[in-house]
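Below are two complexes that have chain A in common, paired first with chain B and then with chain C.
Let's look at the complex of A and B:
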């Protein structure tokens, strides 16, 4: 049993222990937030399939009595230990900064290029950011902003994260600053052991919190990798992440997040991007492995001219389950959202895509588009799609489309008539299916990484 | 009002006048007759009232048992927790009359219908409609059918077209075999309520191979304050037959809320074809919570053509269970929501067999703060290969106060399928308006023309009479927005 996992389970944590999980002294405001979140957490019911948001995602396999919240990582490692991540980082290419939490070795790693210091950019583990005065102040301000006008999400898992989060990253870009290379964050879970003792280190509960603050007229590329060490099959772990992007006027953020976990992982992810006047986000998410993946991707278009592009590729295999929920919240006039989600499912994997475009009364001249295509590659695969529109303004252009189908017979016939085998043809078609989304990704290294990861999953016993 | 009476004496042009008469008033059919009933049950719902309804109708024991069981289910079931819960929870079930028996017996001859009831129908133009093309009229006044006629050729073909109560009396075996097989009492809270207190509605049985060339039509009407109307319609099309049933609804305006909760079951046996057309114009205080469901067996075809205007809250999702190979289902619907109205309508198609196909076209318009929602489900079960389904929803928003929602759900458990869904929400196109106005139309005329064009895929599916009436209703609804 590693040092990391000691302490009470998630289900038996007492109130006075919530604050004791963390290595550093935290500011008072954060302690209060944790405690109040913990109280609300205890009150909040566990979501069931009867909650529309959790429709077809079963939480009951998740045994909180067997999960141990991690303590803050204190040991710093100069090098990245995971070969798999190393390879991924190589694919992505040059990075402005790399931050990694490795729960296989209970260490963290942080490295930054000269550019970061020169441009007065902050990339710090959250615990350190909270210990320093200026960064702590910014974090307090951002938290207060959310409390004041944006509303705290009262979802069980989000509350759990607020109360228990002991890890994560803080990124701050000052005004008028362009970061050319991406800032990369990686999270690595340990490989699973074949025999899982109840108190083995595999039963981790990790609560990363990522806060990215991009000030006016700046640009940032941000890549987030969530992976597990290879050769693990039956890990039982919970990753419950909350990610916030505060994008101020005229700023632009390009984000790619890759989920490449093992079948034993339950991954809950809540991303919220707050966009100011003329701010832009280009967000790509890739679901390429994980037992249950439940991801809410919310873009809040708070001021005139804000634009959000959200793209997703999901390739399910085995018994994996993916639940993606995109929310485009148009709160101001002249805002644009464009959502493209493509899902291909092998074996007996299942997926539910829910998308909601909400257009406020004042959000005139909203332009919103939402597309979800599902490709079924196996008899046992299941795809659900619920693309929703809630529109309270009249001068809008909103549309959505969704399809579910198998590999097109004509395409298959064409390729096979050219001498390819059936499986080669199917692979090509699936590759092409994703390529249309990959082509839209602005970070070129990520494009290559995703193409490779997708290809290896497509080939894998197809 | 006297002017309205005169105008109904003549033909089409006078109906124009009638339409004009209503302009500017809140509700065209908002006149009301003095109440004159043989029996009016007390407000509220108890086991005794359910038993009494059954006894008054001299129903067989099995129906009484069915009602009582449904009553238990109704009391146990919780209210739905989705949809417009605020409005739903406003319903006061204890403040509703569950059964009213009109002072006259079912009539087959128009002349015998008492004048005050006849007046109401006159104003709605039923006799004219009948003269023109109707095969039979089952005009429902309150809970009991008061007027009923079937053209002789239908009787000769062996088609049964009765009100549901007579259907139960005269054809108990057929009713017992099919009743509540498509929508069991336990289906939902409102189906349970209907099962407990149902009264009236239509019963249609079409023998094997018979094609009913002329649409069968029934008018429904609510007339007592706080009067729940719980009609129950059952249509059975034997193999290879065809029937088109038309239902139109209008109701007078009353101050407190009325509840309308119908159950409609359609059974299309192999190769049969049923088309069910509804145009609904309940007054603005009616809750319209309806369960409509059809079963289509192999090679059968079912079409719901559904127009929702009026009412305070409509929750209606016509469903088709495609249970046999090559069955086909279509739902074509429009919704129009004005001030303080919520049209929560949609469609459900369940693909339970291979080679089944379906199509949904939904058009909605919201204006003056009205809200329309499309809520739909496409479900494909495993082994239902070669399913094809296409869903198209278009919504128009006419002003900044209004709201439109789209909640489609697709659940696909089979690989060899092709499922498509498309939706758009927009306002009336500036360019279209500009074009029409440059041709000399006022903005209101131009808007009305665009709206009529928007609904055209629906109206063209209606018999002429209905298309005319619908266009006029839309015109009236649009009037309210002027200025």
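Let's look at the complex of A and C:
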């Protein structure tokens, strides 16, 4: 087959190639898991617009036959090659550890401060973590996490990730440990075609899998950047990520993920956070570039007193499409979720936000709040907002609100009467619109980075 | 009244101005001439069209000029956008300033000042100027980190309006009901801020329902607005007369509402 000569092609990928994607020292159980996921993947239907969760994401634009999954990066670089990422990291400030996969140079980079070793914290590429060098006990723990089903729907993209993932990170924080500076993971796609990553001129597909395990009473800040080197051509690339946070009793995790991709990219992102007793997550996502971004953010409040704060800012431009789905799954009493999502759309960009609040029968005294505001900066932009409440308990406090509106005319007049041009005024209004969310972000460096990224996107051709 | 003054000192000349809002004519032939160094007060009942005049001078898109002229220093401004008018030297202190959530007062003030002056003022220099202006208006430092007009009291909003004008340094300051919602101490401070805007080169157009601000900002001319136009004009004594005798004394109509001072 001519495709095989170029590299493994997704739609025709043979069994032995799926098994051989990871490093050769990959444990046998994992190889088997890949193969079984691959079999299921072949059987699973491709989601269409008829699937409720995919109703406005055009999957058929994604030609799986032309995507080539990359193998694990093996070449390590001591320094970060991307100037753009370097600048972003500088904004974020001091980091406890940095892990970067750079598909522009086909290299990876990992660096950790002394703190990481001293506190027996693990920050390793997932492939390495799974390899022989970790102790058998650790591997067992990791296997338990990675293999946890926990009722996750195994759809086409999740199965694809399970079968093909050769990218990603494993972070483990032992109990009663505080990491003050953030652990940063960055994934950088090349501009244009992925020809550097695979020998063919076909399109790049990356399947990151990230597992963050924070044991009882520990704290972690985690920052994830998904970027592309420069404005790319129309060439397609797929990033299909699965990210899991296992937050044990009394632990607190602060997360910020930034999507800053190019028009040719299709980004499927599945994030799940499992929260134990009194565990907390403060999660921020920022959609600041990408052809189609389909992101599911699920917080599973598994035990009493768990708290989830989820924030989102999205700024669409061009023909970009963003589909965010937040799920607050209250499975225990006295749990709290607070979701604030703000979307501003320029040009003919579109967005759909679905907010699901699910309250189990036993989850009494749940306190759930959900707000989604959409600002349309152009007549051609379109935003949808769909709140869904599924409440089985009878003693709960749940509220939600959603708005979709153009820029307020009186605000515009007020600012213009002060000498700002129409576009300067709109820029200021949008900046303020996001700032209200940014002000809630606990990681200060991320706040600055997002403010800067949003500002440059707001100013861009507005 | 002031038409004999030389053209070089003329700030605003409004000639037979007609304005519609959504097909309803609100201004029905306004004539008004304001020269440099003058303070004009426009008084009138609610709904007489006073605020429409202020919005029209500033260029609110909802207010359509259907006839007449509006000349600023001899230049027709009817077609200009609000920001162009501001840059020429016209500023409006709003009766109801809107909140701009997420935008801090300090960031906002710096942006509009730079924009008006057409250059980046060094941060330190701006800071000094701002602090001095704030001190004069009794504005505290914590004000700067708050979002513009977000959750402000009536008095705080009016102070911020005058603070903005003191940085923009307009040649023509239009004050729309700046006295409303102010207690007596705030009224004094804000009035001092307004007086500081006045000079031989600038003019002030003060729109008000009540006479009380005119105790602190002395007008050279007082105009009475009724049904979309100026029905009578006079000196500052006219304001006192209105205060004691009511608007129907001028307009010949029965009082539709009791004076609520």
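Note that the second predicted complex is superposed on the first by the 425 of 462 C-alpha atoms of A that agree within 3 Å, B and C clash if a C-alpha of one lies under 4 Å from a C-alpha of the other, contacts with A are read in each partner's own complex, and residues count from 1 in each chain.
Basically, contacts are C-beta pairs under 8 Å (C-beta built on N, C-alpha and C of every residue); 3 or more make two chains touch, one makes a residue touch a chain.
Just so you know, these numbers come straight off a predicted model, no measurement behind them.
K.L.:
Should A:416 be classified as contacting the first partner (chain B), the second (chain C), both, or neither?
P.N.:
Once the two structures are laid over each other on A, A:416 reaches chain C alone.
K.L.:
After the superposition on A, what does A:404 contact: first (chain B), second (chain C), both or neither?
P.N.:
Once the two structures are laid over each other on A, A:404 reaches chain B alone.
K.L.:
With both complexes overlaid on chain A, does A:436 touch chain B (first), chain C (second), both or neither?
P.N.:
The answer is second: A:436 touches chain C but not chain B.
K.L.:
Tell me which partner A:387 touches in the superposition: chain B (first), chain C (second), both or neither.
P.N.:
Touch partner of A:387: chain B, not chain C.
K.L.:
Based on the superposed arrangement, let me know which partner A:379 touches: chain B (first), chain C (second), both, or neither?
P.N.:
A:379: touches chain B, not chain C.
K.L.:
Is it chain B or chain C that touches the larger share of residues in chain A?
P.N.:
Residues of chain A touched, chain B against chain C: more for B.
K.L.:
Classify the contacts of A:273 with the two partner chains as first (chain B alone), second (chain C alone), both, or neither.
P.N.:
neither
K.L.:
Based on the superposed arrangement, let me know which partner A:424 touches: chain B (first), chain C (second), both, or neither?
P.N.:
Only chain C is touched by A:424; chain B is not.
K.L.:
Would you please give the residues of chain A that touch chain B in one complex and also touch chain C in the other complex?
P.N.:
none
K.L.:
Using the touch definition up top, name the residues of chain A that touch chain B in the complex.
P.N.:
So the residues of chain A touching chain B come out as 52, 361, 364, 374, 376-379, 381-406.
K.L.:
Could you list, by residue number, the parts of chain B that touch chain A in their complex?
P.N.:
So the residues of chain B in touch with chain A come to 82, 382, 395, 397-427.
K.L.:
Using the touch definition from the top, list the residues of chain A that touch chain C in their complex.
P.N.:
Per the stated touch rule, the residues are 408-411, 413-422, 424-425, 428-429, 431-436, 439.
K.L.:
Write out the stretch or stretches of chain C touching chain A in their complex.
P.N.:
On the chain C side, the touching residues are 58-62, 81-83, 85-87, 91-92, 94, 97-98, 100-103, 108, 111-112, 115-116, 147-148, 164, 168.
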